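Please go over the structures that come below.
Same chain, two partners: chain A is paired with chain B first, then with chain C.
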Partner chain A sequence: MVNFSGIILRKFKNIAGSRYEEIMKAYQEFFLTEEELQIPEVKSILLVLDRFSGEVPEEVFEVLSAYPGARIEVVYVIDEGLCSIIGETLGEEEAEAFRKSEESLGRELLRVTERSLSKFDLSFSMEITFADKVEFVENDAKNRDILVVSRHFGSESTKTHRISPIVFRIVQGVKKPVIVY
Partner chain B sequence: MRILVLVDGSKWSQKAALHAFAVAKGKKAKVVLFSVLDRREVRTVAFHASVISGSLDEIRNFEETLWEQNKRNVKELLTTLLEVGQREGVSCAFKIVEGQARDRILEEANSGRYSLVVMGAYGKSGKTRIGSLLEDVIGGIRPPVMVVR
Partner chain C sequence: MSPEEAIALAVFLGVYAFIITERIHRTVAAMVGASLILIVGIIPWEKVPEYLDLETLLLLAGMMVIVNVSRESGLFEYIAIKTAKLSNGNPMKVLLLFSVVTAVVSAFLDNVTTVLLLTPMLLYITKRMDVNPIPFLLAEIFASNIGGTATLIGDPPNIMIGSAAGLSFNEFLENMGPIAVANIFLTIAVVYLAYKNSIKVTPSKRKEIERVILSMDEEDAIRDWELFRKSVIVILAIVAGFFLHDTIGVKPAVIALSGASVMLLWSGVSPERALEKVEWATLFFFGGLFLIVGALVETGVIDAAAGKIMELIHSEAQAIFVISWFSAVSSAIVDNIPLTATMIPLIKAMGSSVNTYPLWWALSLGACLGGNGTAIGASANVVVLGIAHREGIKITFGEFLKVGALIMVSTVALGSLILWMRYGL
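On to the complex of A and B.
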């Protein structure tokens, strides 16, 4: 059955009378309050990339260009934990080679992304970072209005799981709107 | 550009519509508010209602009454959201279909008519239900999906 918070809210206000506030508080997750009924303003966007993300499709930039004045932070994330595991198991030399190959991949993907961002005349900054992917996204997204992530961020998708488990965790955990492409 | 908003009546799907309006305003895009009516859900509620009231012979009447009321409620909600969009200067329309939510959503979203799909992170049962439909939609839809909470 459909739960129509807007309709219920209007009809309920008259019926519930003085108990309205109390009931609204107890059942807040079902009601869209008048304060929440605002067209959101987007000023800051986080676009995360990694080795699995691939190129960002043009339609994503098309959507992002709907937010005039918004600044887009593009971050290529290298798995810090994986670097440590390689260092501990295969040695520092292998870990360094992995880091360099990841950085090179990151620079290339950022170059391609930069071209598209410039084409759409979007304001942006870019960086490469070493971090735990989920932790980084969850923390950084707190200061953003929107997060943008590939379906494949964090791992390859499979026939049974078309979204990477990391993306699913991010979508569940991050409190901000997430654009998944 | 056309934006599809999946509206299931939850608070989050209404917030999704607001986000769609924000994008549409910037791009002069058209927003389509989309709802799926599933007879099986109504049948389940009708069954439980008739058991509780002890009048199983009334189950058909319960079901029909609920179904008609459900349709009216969906239309009223979509009309309300449409008016909000139009007040913001956004070109809007709504579409109501019958069937299984997952199948009808994938069919509509993958029709090639949309550049963005916007949906709420949670369903009608509140924050307790996140999962299968969300995973199916994100995994099965070709355009980018904005998930709102």
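On to the complex of A and C.
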């Protein structure tokens, strides 16, 4: 019985030889390492929103759809500290008006986000919460596999910074992978 | 049989045996055989230039220089990434586009370089798609061999046939081009039908691969923009030159050599570096073979064999089928270069009884497409299987044979039918 596998390898050495190694070297930067090829298991994703985040672009949902089976927790965060400051300085009535306006904005944004999530057939849950933005994200992200946040999260109305200082702090403090859009 | 005839035949058969078993490198076998022929004096020294087909050797050398210099620019990686991006992570599109691109590139450049540069990208994509890479690799092999049939410069047998019979680039394109196009789609259909269950991916995988592919930038692959532009211009000019060589009365070898010279002059690449990568082993293999087969011509063995064949063949139609099928089956087992080298003088000797014009196409068809039949039928097969083997993908000889033989039989049948309808009726 002829050893065909041996013939093929011997011929390959004669025909391609070191050219193959050279080409592999040239392609190296396009190839992922074995480690990178292993996609980490993602079961839970935290997507945080606030009044400055705006609508979530479709590309973000496309990326999230690459993790089938992961549950996405969408949370609209209203700054609790700001509510207290308004209450202390302008009175409780003004603070209540601010809360209501924030909640209605949150509900509207969550409705839009829900439509997109359903379109991509993603599993999700939604809530509106009052908390300190940084503290909430840092604590909640501990139990998630990926954090998704807009670069304007926690910004101000003029959006002076390309990436808000709060997002900078979150990216530095959170140990989980963060997608900043 | 005279002693000279016996020696010429023994050397020929001995060299063939070494080429098949690869116990020693095919170039070494051919050089030892040629040396014996010259030592015994079967071919007198003055006749050596006559048997060494310089047109084939120079055309091959010229194209090797062009390919090696342009490769430095990242041109082939650019094509590979562009093709991957066009496929959008859809496995059917990957199969179709990689096959068509491989066929088109191999129609103009050497098959081994084409598959060496496209296979790593194909393996990478199939790995990311999490699909069985075998159908994709097989389609690439078949496409490279089929693409090579289409032009005068596509495959070494075509270069040899063109030079021996004085056929132009346009004649090759006109006669073999339609056969190659029909065969490439036939092949994709056969591969698809044979493996249709394993070329499916889930929508989420597809999205993922699309994302990964889109994140690649083909422009990153270009290592030298200046050289890239110059390479594209020179290659296009050479292809235009091949189209016009008949009209302007310049041999294809001269066009390839001029292209190589312009490339070296314009790019500033060191000639030592460019010429170092010329496959001298292949060129010496050709040279040795030309002398070994030349000895058979010189001693009259070829004439006698042609006479025997002509006793069996009574028409051009019969000759078309006999030559295409004989050369296809033979080149599935032995290297198609020695086969073509042997068949050329045979067909020339048949010229006294039949019109040999359609027979050259039959030989090109068989010699190029026969390579698809087995895992060792053509260099491109060996190279792709070798790369796959190194990456841990085992395609056994038997597995290749099942699909390869089917592809060989169907493509040669379709090709010989087209030739018969054109010339045999």
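By our rule, the second predicted complex is superposed on the first by the 137 of 181 C-alpha atoms of A that agree within 3 Å, B and C clash if a C-alpha of one lies under 4 Å from a C-alpha of the other, contacts with A are read in each partner's own complex, and residues count from 1 in each chain.
Heads up, the rule we're going with is that a residue touches a chain if its C-beta (ideal position, glycine included) is under 8 Å from a C-beta of that chain, and two chains touch if they have at least 3 such contacts.
Owing to the predicted nature of the structure, the values given are computational and were not obtained by experimental measurement.
Asker: Touch check for A:172: first (chain B), second (chain C), both, or neither?
Answerer: After superposition on chain A, A:172 lies in contact with chain B alone.
Asker: Can A:68 be said to touch chain B (first), chain C (second), both, or neither?
Answerer: In the superposition, A:68 contacts both chain B and chain C.
Asker: Using the superposition on chain A described above, determine whether A:24 touches chain B (first), chain C (second), both, or neither.
Answerer: The second partner, chain C, only.
Asker: Is it chain B or chain C that touches the larger share of residues in chain A?
Answerer: Result: the larger residue contact count on chain A belongs to B.
Asker: Regarding the shared-chain residue A:60, is it in contact with chain B (first), chain C (second), both, or neither?
Answerer: first
Asker: Would you mind listing the overlap between the chain B footprint and the chain C footprint on chain A?
Answerer: The answer is residues 4-5, 7, 29-31, 37, 39, 62-63, 65-66, 68 of chain A.
Asker: Quick one: which bits of chain B touch chain A in the complex? Just the residue numbers, please.
Answerer: Of all residues in chain B, those touching chain A are 1, 8-11, 14-15, 18-19, 21-27, 29, 35, 37, 41-42, 45, 66, 70, 73-74, 76-77, 80-81, 84, 88, 115-116, 121-122, 124, 126-127, 130, 134-135, 138-140, 143-149.
Asker: Which positions of chain A touch chain B when the two form their complex?
Answerer: Touch residues, chain A against chain B: 1-7, 29-32, 36-42, 57, 59-60, 62-63, 65-68, 146, 151, 157, 161-163, 167-168, 171-172, 175-181.
Asker: How about chain C: which of its residues touch chain A in the complex?
Answerer: 21-22, 25-26, 74, 77, 81, 112, 116-117, 120-121, 124, 127-128, 202, 204, 207-208, 211, 216, 220-221, 223, 281, 375-376, 379, 382-383, 385-387, 389-390, 396-397
Asker: Show me the residue ranges of chain A that touch chain C in the complex, using the header's touch definition.
Answerer: Touch residues, chain A against chain C: 4-5, 7-16, 19-20, 23-24, 26-27, 29-31, 37, 39, 62-63, 65-66, 68.
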